[in-house]
Amino acid sequence: MDYLLLLPVFLPSLAGLYMLAASFWGHVTAGSLEKQQEEGKRKRIHLLTAVVLVCSAILALCAAWSGDRSVTLFYLMKDIPVYFHVDGVGRLFVTFVSIVWVAVGFYSFVYMEHEGEEERFFGLYLLVYGILVALDFAGNLVTMYLFYELMTLASMPMVLHNGSKEAIMAALKYLFYSMCGAYLGLFGIFFLYQHCTTLTFTAGGTLNAALAAGNRGILLAAVCAMLIGFGAKAGMFPLHAWLPTAHPVAPSPASAVLSGIIVKSGVLAMIRVVYYIVGPDFLRGTWVQTVWMSLSLLTVFMGSLLAFREPVFKKRLAYSTVSQISYILFGLSLLTAGGVEGALLHTVYHAFIKSALFLTAGAFIFQYGKTRVEELGGIGKQMPKTLLSYTFAALALIGIPPASGFISKWCLAQGALGADVGMFRWLGPVVLLISALLTAGYLLPVTMKGFFPGKDAAAESSVRKERLGMWLPLAVLAGLSLLLGVFPNSLISYVSRIAGTLM
Amino acid sequence: MAFVQNLPFISIILSLFSGPLSSILGGKKAKWVNAGVITVIGGMSALVLSYVVSTGEEYVYRMGHFPAPWGNEIRVGVLEAVMALFFCIIMLLCILGGIRERENEIEDTKQNLYYIMVDLLLCSLLALIYTNDLFTAYVFVEINTISACGLIMIRQNGRTLEAATRYMIMSLLGSGLLMLGICFLYDLTGHLLMSNIKEQVALLRTSGGYHIPLLVSVVLMSVGLAIKSALFPFHSWLPDAYGYSTVSSAAILSSLVSKGYIFLLVKIFYRVIGFDMVRDSKVINVLFVFGIVGMIMGSVSAIRESSIRRMIAYSSVAQIGYIYMGFGLGTTEGMVASLYHVISHAATKALLFVAASGLTDTAADSTDFKDLTGAGYRNKLAGVAFTVGALSMVGIPMFSGFISKLLFAQASVGVDSMKRMLPTLIALAISTILNAVYFMKTVIRLYTPVRRVKRDGIVFTQVKMKENRAKSFALVCFIALNLFLGLFSEPIVMLIRNGLEMFA
Amino acid sequence: MSTYLLVIVVLLPMLAGALIPIIPFKTRTQMMIYIEGAVLLNSVLVISMLLMPPEGTLVLFRFTGNLSISFRLDGLGTVFAAVVSLLWPLATLYSFEYMKHEGHEKVFFMFYVITFGVTLGIALAEDILTMYFFYEMLTLVTLPLIMHTLSKEAIMASRTYLYYSLGGAAFAFIGMIFILTYGTTSVFVPGGVLDAARLGDKTNLILLIYVLCFCGFSVKAAMWPFSSWLPKAGVAPTPVTALLHAVAVVKAGAFTIMRVTYYSFGTDLLRGTWAQYTVMALVIFTIVYGCSRALKETHIKRRLAWSTVSNLSYILFGVTLMTPLGLVGALSHLVFHAVMKICSFFCAGAVIYKTGRNYVHELDGFGRKMPVVFVVFTVSGFALMGVPGLCGFISKWNLAKAAVASHNPLAYAGVAALLISALLTAIYMMTISVRAFFPGRDFDYGKLRGVEDPNWMMLLPLILFVIAMFAFGLHPQPVIAALESVAALMG
């Protein structure tokens, strides 16, 4: 029994709920505030959020990095506890989630100025953080499912933040796709529950061999349903369509965490199911693996292509996410240590990179209200620090050495080549390569146009000062994505240790 | 011989002579004589019943102590006594329930004629019930027809004349067929007394001779009586006859007259031909099929009706179908169910007719459904009574219809052949639904409030219980009777079973 | 405890109800106190009876032969009786406020209270005839409640209801006759009463009869194709729709099906036969069908009614699995769905009561104006969707667990249907909540002046339901253990 695990879950959740209630109550009573009071209230909100966020991040890291802790909260059903446990994967996830969450949080203090409804936003922001920590610490499948659903429900209002018709529709789309995915996952859980010795996560799987042998067909179908279902959150084809709709309309910090972090919970769910419950051995060489690989490669290619054609900046980034997450999924689908290693690395890197990219887009919107790529000519003159950070992050995503993306892609390609997966051995790396080219094609023009707008570009008359609160978090994230590429060894060794335990 | 044994004969004679007596009396007095006679006969029937039950045997009463073939015999068992008792009760209540309508609808000079007809009708019914002689039965069938015709016609409007004519034609056709059948039997056996014929038929059956003529005679008699009791598809005379005659006529006709014929048919089956013989012939298949078709078609026609009286009339067609279907099952259980239904339907149908008349009172005797909207509020007792009748027809537990339905269903499940079991069950279910459709639709309409007080010149009025005490009394008795039949059916079913054993 | 209590709790509400129009109440408050007192007293009697169960049978009355009206308390009846008697006082409290603007209160409460007794009659019936008797009674006593407004629509709805119900009962009747004929006894016995010796080679016939009987009783449980009466009956006042059309009446249908399946026909005979597959296929179809219709419907009460159609088939799905586990799933959904659906109906009712708005698109921006109601509504929506932590998840879990364990391919399809339905539920419930809370940027709240939460009589039940939903969702073990002990008898 180790209640330290519960602190980083409950502290932000309760604080978030409190803020939500306060915001809601404020609307219900509908008292209008004086300008000055309003300012004071904002300050208080920011202070509360910052304190809670930092405290719980520290708590989360402490809890994660101080040994194998576990705690059973209560029993949901006779044989199904709500159970938290820290293991390698959870530790990794919690770490990058916390870092990104804090950084983006600070960024939002400035950014949310022009979006309004800050109390609600930060309430949700804290709440989702608590849920995410719980999701990462979840020690069995049902606990994970519980927080997976809660995460969907809590993050949904972040999407519709600005309250426009479009945003509401996008939020609903997000909700329904996620629910659809979650229910597909639940479908599988029902079957796994029946055919597994336990639903507690155990490296290597807990499938009851005797039972599973007789029901192989239905079990494979169930696992396939789960992969597609959890793939919805990870933006995998065919349930990816919510992503390019929801991310652009959400406030930029929200899209940053949606794209950088929340989609990763789909990845986490898949890791948990495949490597901790079903076991990779059961899937290796089956049609499910083939389907999974094909879908992920298809998504990689399709995402990049759509991003390449997309003129709206945030939407382009969203498509990029679709594509990049499927890199990770492809790595996972190889069912080899190498593949998992690459996937985990890319998970971490992509979290930093994609958040940084979205924060950049947010900065453009915040400062100049520019949303389309062709409007960004010459922006480098006005926002050099921002654009520079963007460029580093973009290079990392494309995978130009020594930036981080290179390392993960290298691992992925190697994993693919080393795996016994038939034609996917060469098809995978080829698709990855093409996609990398496309990535360069859709990310770099912003930099180039931004710094070198050409002669005929009209000079922006008013130059606004870049805000420290905005570019610093951005720079930190971009820097991290660069640094982790230059000094990747400790991370790689940690990741390969995890991957080793899974096989 | 105990005195009680004379009572059946006395009751027939009493009712027979009260008719001519009424012809010299005025309307009022005739009414009291009539009511008195029915009450007395009812009392006598009850005494006979208790006597027969206590001895546990039927007895034969020879008129004038002449042996057959010169004399005429009466045969009294439990079933006969039960029927006589119920017929008296129901007839009395029908007469009470329709006093006011009769007085309004029939010319003053003809008031006493009406009671003559009723007396004769009662006489013929009793005779049909008790007689042990086929020819006597035939004679009283004709008397029955004529007096029933009178009952229809006595309310004078064009429709009743037409209806009476139709009724006459169909009835005579039926009587003719019956007559032919009796002639055949007489030819084959040389007897008219039921018990004698039965012996001869049994002999013929073992010897195997005259198989076809015997069959033909059974068919002729069955069909003849089926026509007379309005089995589908011979029911065309019925809706008009029941729909336009005066209330007590309609109630008596639907609940008693047709039942008298049915009872005669049962007697012919058991006492003349022998039930085994009937079962082996194909006649019951025909009855079965027509019964089931009638159950459905009667209800379908009822759904289409827009007049409450005609709707109830069509419902009779369906109910007669139930009874013949029970015959068609060819088992004792089926027969018990049918006989129970004879009683239960008689009670319910009379209740419905009287209640409907109470409802139409509120809308100047218009029987159109549109005028009856909200009538349940205007005449509360009639509304409740109609609801009880409707629920009974649908077969809600607690009411008599449920017990009939239960007995029919149990009988059909007891049948070995699937060919009969399933159609019966399905038909029962469908017929229940159809009954629900038209009866409950009516009930809902009765309790749908209406704001306006007149429609097309018909003024809606409030009717209080006190205004027509006789009818209120009749309705209350009917409701009680229905509940009694629904809740304490056990003794009655036992009596019917005993009676059938005595028959066989 | 004495067996007489069994009949007292059935007759007391009937009597109390019948007296309502007769007693000359001076004020409305007096009447309210009388009614609530009667209902509460009866509930207390029921609950105390459930806690100290009386042994043995009470024969109230004998029809013919071995057919009697008799009562006995057993596990299954306990569950249903408990649900009914816990919800009735709350619903009554709610209706005092709600019925203020509907009129004809005396008639309404008369039948409302009588229905309580009749429903308990179904729960406590010892044999199939008694159950059938109360089943028919239930149709009749709830009819005036649907007719209540006496509008043309209400009349049409009540007719449809009546035809469907009586028609269904007619087919159920056939099943009853067979049990009476081929059963060793007409009393409910776990595992069934059919006499194999008497049955002989008529197995196929009895299966056909089972299907007919199932369809007959399922009319009340609104199974497709007999479901359309339920949404139509939504014209009734909301307390009726909520309590009767989400709990008492429709669950009585599900309950009777449980009785005939597990206690009369017996699952051993039915499992794996075409009869099982037929009814299961119908049920699975209804699960999806109900949800799809709910999605299309913009009238809020009708939408909830279609949702009920779908959810009732969850229960029936559990029943048709024909395993003890399936019964546990069915019972748990019976209990939990009662709480969730009555809660969402009461929220809808509160909106109708306060504003007279009936359609989904009219509810924009209500979240701020009726905060309690809409928060509760959202929670009940989450519960219906099956969000873990709320009770809907528990029952869904139990159903799916049973389905997977039954190793029946059709049941696997049923699991898929459950989840499809959950997704559709998410869509039709969440669209309401989202619109209510987030009406759009330019929404003018001035239009909603005067819209506010109702008073405590309406809110108290809502709050209690929410607490119950969380309590059952987070700590369902006591309830589930009780249900398991009921199902364990099926062995």
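Labels for the chains are A, B and C, by order of writing; each one numbers its residues from 1.
One rule holds for everything that comes next: a contact is a pair of C-beta atoms (placed from the backbone, for glycine too) under 8 Å apart; a residue touches a chain by one contact, two chains touch by 3 or more.
Given the structure is predicted, the values throughout are model-derived calculations rather than measurements.
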| query | Any chains in contact with both subunit B and subunit C? | reply | none
| Chain with the smallest distance from its CA centroid to the overall CA centroid? | C
| message | Roughly how far is subunit A from subunit C, centre to centre by C-alpha average, rounded to an integer in Å? | response | 43
| task | Report, in whole Å, the distance between the mean C-alpha point of subunit A and the mean C-alpha point of subunit B. | result | 84
| Sites on subunit C at which at least two other chains make contact | none
| task | Going through subunit B residue by residue, note those that touch at least 2 other chains and give them in order. | result | none
| note | So, in the complex, the side of subunit C touching subunit B is made of residues 61-65, 67, 129, 132-133, 136-137, 140, 143-144, 147, 150, 155, 158-159, 162-163, 166-167, 169-171, 173-174, 177-178, 180-182, 205, 208, 212, 216
| field | subunit A contact footprint on subunit C (complex, rising order) | value | 368-369, 371, 382, 385-389, 394, 397, 400-401, 403-405, 407, 412, 415-416, 419-420, 422-423, 426-427, 430-431, 434-435, 438-441, 443, 445, 474-477, 480-481
| request: Would you pull the subunit B residues touching subunit C in the complex into a rising list? | output: 391, 394-398, 403, 405-406, 409-410, 413-414, 418, 421-422, 425-426, 428-430, 432-433, 436-437, 440-441, 444, 447-449, 487, 489-490, 493
| query | If you look only at subunit A, which of its residues touch subunit C in the complex? | reply | 24-25, 27-28, 30, 74-78, 142, 145-146, 149-150, 153, 157, 160, 162-165, 168, 171-172, 175-176, 179-180, 183-184, 186-187, 190-191, 193-194, 215, 218
